[in-house]
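Take a look at the structure set out below.
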């Protein structure tokens, strides 16, 4: 494996007395798509949120694109531009149009002037197939469209890595397809992606590697064919059996 | 004289009305000036306190909460009395206008802080996280993402509270401010006729009925929809 | 600094004024006990009237409520106390305060209760009526209890304002707390009695303010 673009090693996270991440390692190579699965409460979302320090790890080290995310000297706001994040609940700003949502960080973080920010924002919206919805407010868009705007908001900053935190869990089934399509195109363009999700079919088709977590630890990982087809651990087998039955 | 004539002669006496109308109109403008001063200082100070509170600096927050509680618990007239009648015994004099303006500004500040703070905390955590994940710092997130949503939510309660507190300008009459009520009361005691009070009440209706209706409109216009 | 303490916190003067301050405090309490129920009664009637879907009720009701919300309570009180005698109605200070609060705070309680009634889903009334309850029974047993619970923080908040507002009774020489403090202050030329009154108000009402803060936060948390 080439030098990883994301190197999280020995991550611990405590919430009070709760030990939700226990010495977790996660290495992601450039252009790799890593799928993180596991039962709820396994710590997979927390791990993802540690990577851009929305959650402060209690211990360990996180290097993303050569930047030590946990170092005091690191400008976290600068570092976060290289890590896009998409949330389960979209978290679009309801008082701004789709275009405004995408433009905000371009202008206020990257300091682009209005014309350039708008051009980039429109290009990002076009990439998720929403060029014609730029002037709509989130409340006027379907859940699937909102999530694609959220993807555009993240990719407009030209991140090196994209994090997806259960991007389709809050969507009605018929709206999932559009979001997965946007993710697939992103993948084809060579984006490095870490995805926490239950979309097993998507994982099988698109993931390079599947990481199975349980009880705050990585239990098993490997190519989707082997993790899904021939799981080595009892817990993995149980979990996959349960998912497949649905 | 029939009793109806006596009634109209008392409350709608044209001669008295003509004589005291200019004074009431002066009072009308003074009430507006006082109200605008209170709104400007009260809202600004309240917003500033809410923003400071969002920095979560413990001792500072306790102080803010105490000050807010204090001015929510004290009757405005008591604060006015303290400033106007109390300060002179400490060698400081303050005119009635200043005392009323300061007192009601404190009260509006307290309610504004409370309402803005509630608005800020009502903005979902995901909004902070989304903004921070794109590299926006604390202050830009507060300014561009959180406050616009918080202010929008707080417009209806804030409008109603502001109206209620600016109506307190009438309390100025107790400390010799010749706003509408003060001017009307002076008129009554000079003319021995209550017509100036009728005029005063009318002046308040002219001033505040549109404001109250505006408050109603705001309430439906900005009803919770997200 | 010493001057300041003497002017605002003279224990000597406060202890002299204490008996009449205490009298004033009791008057404030029973005045509150008088005007809060009056306002609630008036407010409940107004809120119930607002459920009548007839413009012959709705328009006068709307005018009534907005009129009394537009007139500052002190103006209303002075008008009743100083104006009505000219029309041949002698009103006592207590009578003027009671009438003024009935009109003013009733309008506010009415608006709050109306919002509460509107917050109860329509299905509740339909379900109650479908079991054979009359309109008034449904109101009394099904709608109003839920309405009150939904707007409880606003009701408490308004009640806090009403208690504070009783201080304007001092203007018509009703010997409540502020009036007595002002009397003591003008006799002693010292602000300590007013300061003492302020502290009494604060001790009396601070728990209510804290409770409100709690309730409001809980409402927000539920909305998140």
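The first chain written gets the first letter, and so on, giving A, B and C; residue counts start at 1 in each chain.
Definition applied: a contact is a pair of C-beta atoms (placed from the backbone, for glycine too) under 8 Å apart; a residue touches a chain by one contact, two chains touch by 3 or more.
All values derive from a computational prediction rather than experimental measurement.
Located most centrally within the structure is B, per distance between chain CA means and the overall CA mean.
Relative to subunit C, the most remote chain by averaged C-alpha coordinates is A.
Rounded to whole angstrom, the centroid-to-centroid distance between subunit A and subunit B, based on C-alpha atoms, equals 48 Å. Note: centroid distance subunit A to subunit C, computed from Cα atoms, is 54 Å. Spacing of subunit B relative to subunit C, judged by their CA centroids, is 17 angstrom. Not a single residue position of subunit C touches two or more of the other chains. For subunit B, the set of residues touching two or more other chains reads 124.
Looking at the complex, you find that subunit C touches subunit B at residues 3-4, 7-8, 66-67, 69-76, 78-79, 82-83, 86-88, 160-161, 164-168, 170-171, 178, 181-182, 185-186, 189-191, 194-195, 197-198, 201-202, 204-206, 208-210, 212-213, 216-217, 220, 223-224.
Chain contact summary for the complex, subunit B toward subunit A: residues 124, 126-127, 129-137, 140, 144-145, 148-149, 152, 225-226. Across the complex, subunit A meets subunit B through its residues 52, 54, 77-81, 83-85, 87, 89, 91-95, 104-105, 108-109, 139, 150, 153-154, 157.
The part of subunit B that touches subunit C in the complex is made up of residues 3, 6-7, 10-11, 69-70, 72-79, 81-82, 85-87, 89-91, 114, 118, 121-122, 124, 164, 167-171, 173-174, 180-181, 184-185, 188, 193-194, 197-198, 200-201, 204-205, 207-209, 211-213, 216, 224.
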